[in-house]
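There are structures below to look over.
Okay, so chain A shows up in both of these, paired with chain B first and chain C after.
Up next is the complex of A and B:
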């Protein structure tokens, strides 16, 4: 910042003062936004029960979306598991296009992965079975372990709406 | 923490006792004290396989008849409700799996990572062999051991082109592979559903020769010099399996001339196709005994395959007496040799003894006495034919309910259900079982079995539905009709005219008596069924399906609606009859019209009654009674009276 000192002494003063201010006097930045939904002006954004509850209710009113033991002490593959879960979520929402109407719950037990979700009844059961077979097989050859889909269907999108904000 | 909480709860005296530990023991050790002097015997360790625990757990749960098969998704929307749906759902799931496999093969570079340690081969994409692949003998032997026929043949031709010498052992194993599959890629084992539903189609293809003459197998065989017994055996068995009978037999004779020692299974394969080689029963039996003699000369020990092959040969005899005596001769001989019969053996015995036009035979009783309550396992390919055939014999040959129940008990013993075969045989089995039960059991007992089997284990075909309806009709058990009708709707039987007529006839002929409390709801329910049927047929007519109204059907619907006090809908139905009377074949029965007229009298609707009368007159039906009823039932005004007169004349008024 030497060039500032030379050019404008006034600015140099301010810079000095700035560097003096400590953390506890800096602007408040404790607002948490992740996992919360903004209220719309028309109040017409549909929320499922899970979406309606902010993250601090996890374990109280709602539950975890990924169930595994990789983050316990001395457990294996914590980062890989997280990335894989992300991949599974992206893959399932993309494969079941515009059909998944809930969070995707991923449960790992021993070497198996169970994936649960709510699916809209927008396509025929036959096509659903095709997608079930496809998703299970492709994910299991990607993750190299048995993958099971545990889906439930809902007749209407509105069935899963808990409230509008 | 836990301990302290419990200490607080206990009275003080107890605390002391449980803490110093010397006092009373609540364990079993004290009660077992007298046996102190006998030494502890540690049992020998039993070696368990990795899946034993799982199998023990699986043994504790049976098939749940209230839930669909576990291959279907447990969600109301995804549970199949008809035979067609069962098939399509299972097959589409598998076709999704196939699509995923295809993606994996297409983008093989993305699936080369190794997650598992050690790597699991099945998850990796398969090796691809092309014209320029670097191959050697080891890759060929590996492919053969994996049973990859197409790739093995390709690699073999590559090796040949390069001029690499292939050991005769390897050639022999390739020959065996090619002969076994007739140089056609088999259906991979992982497509379980395709196998389960396949058999229906394959049955028709059978009987013709499918062996590929002059193909790779014979080329390989000619390259093997000197000829070994194994190469003869492989080629003979291949030809016999794919029904190239003449040449297989010629090869067998050639081998015999050259004094080449063949094995039992090769002889078995020839005995199996004796019916292709000879035409009459006597000649077949002659050849069969000759072959068996040859075997004994060569000191070959016959096995279960020999027994079943001989019985298969006998089962093709047209001559019933010869077949029976031959079978009875064969059985004790094999018993002496220590060959235990398998289910396949019993299958052949059943088709030998229980022929459609032959005398009645109770051999199945002896068979069931022999194997009843035993847990069986598969030893011969034909073993899966037994249960369907046994049930068929119970129904069509002996017509015996208790025997059928015994067969059913045997099927549900241990893991015997694995021997049911495929979907086709399973449905034949249940078809016969249900048809027999509904003819022989009381309707209440039958409905219990029906509730258990339908719809998750078995869905009746229209023919069986008709049998069930017949049983309901004979028993006059009209209270079951609403239940059966709702099943028929779900199973998509509503476009079968004969079934619709049957349901209507049962409901019309068995007028529910209002006295018994069980029948209180019935007229209303029957009317609902009738209305439902009316709407279904109307819809079907619009969609140009094959079902259409007949006068009889509409008349019955009319009667039921009238009885169910739904006069409004009844008039609607009658209006339909009246309006389309030139399009509808036949007319409603006279009683239907009479009941309708009665109802219109009750509902004080003379114009409806007169329309009915007009209809009766137009269609040359008995009208004078109707007219009299109308005249007596109503106090008619002038216009109505004039109409009545114009329809039937004035003659009836005088009486």
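Up next is the complex of A and C:
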């Protein structure tokens, strides 16, 4: 129905009036595409476990990437928490450039933020320690709360690949 | 020439030679040796292929094998995993697997498994860890006061119940506006009243009193802080209690029409009953009063309405008062 509304506003109006009075039946027009990956002809697109399971499996086959209480009923700051999580994700993927090989998991407990991710072993441990301290320090000064990075390293990119499609 | 000079300056031990060469430098004779040493620079107009430079090899530290391989079987797990932390496969010596796979395939192992890192774990709250923490906390505990073992016992000493809520949340702030709410409740039977005060108190508190459970409840949330709300609730209780004992001058003007219940004591029926009982009594003889049970039955009859039970009871009372023998 959405594409109709966009195309012809008059039709949309009529449809609206119609739908008020009668039962509306039609084929499902809404296409669900987000969080799904298309199969390539060569079948060589690597997918992690997280990517291999589409969003409707969240809570069944895979789990949430953000863990906090702000989406419970009558909780405070749901929108701010979501924006902050987005910012943390952007910042971490940018700081650990081309090293993050999984989704960034953000867990909030009381006032602490714990960030977990899988990191490729492409840089020396010394640089990694620097980046951990840098990320924690900057994020905690922006978020005004302690931030802890809990990283796990993988030797190769292919370690996280679940399947190829 | 100058080149050779500097070369010699670099060698501190050969100061003698330096002086000599310096002297030689001032002479008009050219030094054939030095000329031979100097490289003849060729003017190259075309770019020559640069010599292949050996790349410095990046020293890579060998990746250490997982810590769990070296863990003793009887190690102190609380030291290995002291606090809440995301799962780390190298620190947990358990052959865990997590994830959904097609039928027949093994689930993904614990290494490079993001699902295991997502779910909250309680590896820091193993029974020995809890026991340790309890032991550490024990020295701060005090024994339970004597004489307050059961609920019936402590309710006599602490009749007022105060209910507040603390909110734990995953936010940078620890404040929650809902935490200001304070509920103060107590049984009305714990307060001492006379008939007038009780009536007035119940009028003052209105629907804060639950008649079925006999519990009075004050909920305060108008102040921003919990302490202020608690103080306000106690103030309300105190003020209402003391105000109920004050009799205003206008309260005396309450007429029979204003009464909400029928009271035997202040009505005509009492006078009539007295008249009947004191019929033909001698002058100065003590006045005979109608029995309180008669008054009760009259009140019941009028307040609750006429039903079979009330009517029968009234009949019995009247018979008793007038000394009519029942058949």
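Assume the second predicted complex is superposed on the first by the 137 of 165 C-alpha atoms of A that agree within 3 Å, B and C clash if a C-alpha of one lies under 4 Å from a C-alpha of the other, contacts with A are read in each partner's own complex, and residues count from 1 in each chain.
One rule holds in what follows: contacts are C-beta pairs under 8 Å (C-beta built on N, C-alpha and C of every residue); 3 or more make two chains touch, one makes a residue touch a chain.
All values reported here derive from a predicted model rather than from experimental measurement.
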item	value
Contacts of A:133 with chain B and chain C, given as first, second, both or neither	first
First (chain B), second (chain C), both or neither touched by A:85	neither
Superposition-derived comparison: chain B or chain C, residues of chain A touched	C
Partner chain in contact with A:125 - chain B first, chain C second, else both or neither	both
Which superposed partner A:63 touches (first chain B, second chain C, both, neither)	second
Which superposed partner A:152 touches (first chain B, second chain C, both, neither)	both
Which of chain B and chain C A:53 touches, first, second, both or neither	second
Contacts of A:144 with chain B and chain C, given as first, second, both or neither	both
Contact residues of chain A, present in both the chain B and the chain C interface	121, 125, 143-145, 152, 155
Residue ranges of chain A in contact with chain B within the complex	121, 125-138, 140-145, 149, 151-153, 155
Chain A partner contacts - residues on chain B that touch it in the complex	73, 75-78, 80, 85, 88-90, 92-101, 103-104, 111, 114-116, 120, 123
Chain C to chain A touching residues, read off their complex	60-61, 63, 84-86, 88-90, 99-100, 108, 111-115, 117-120, 168-174, 176, 178
Chain A - residues contacting chain C, complex	48-50, 53, 57, 60-65, 67-70, 74-77, 81, 102-103, 105, 107-111, 114, 116, 118, 121, 124-125, 143-145, 150, 152, 154-155, 159-160, 162
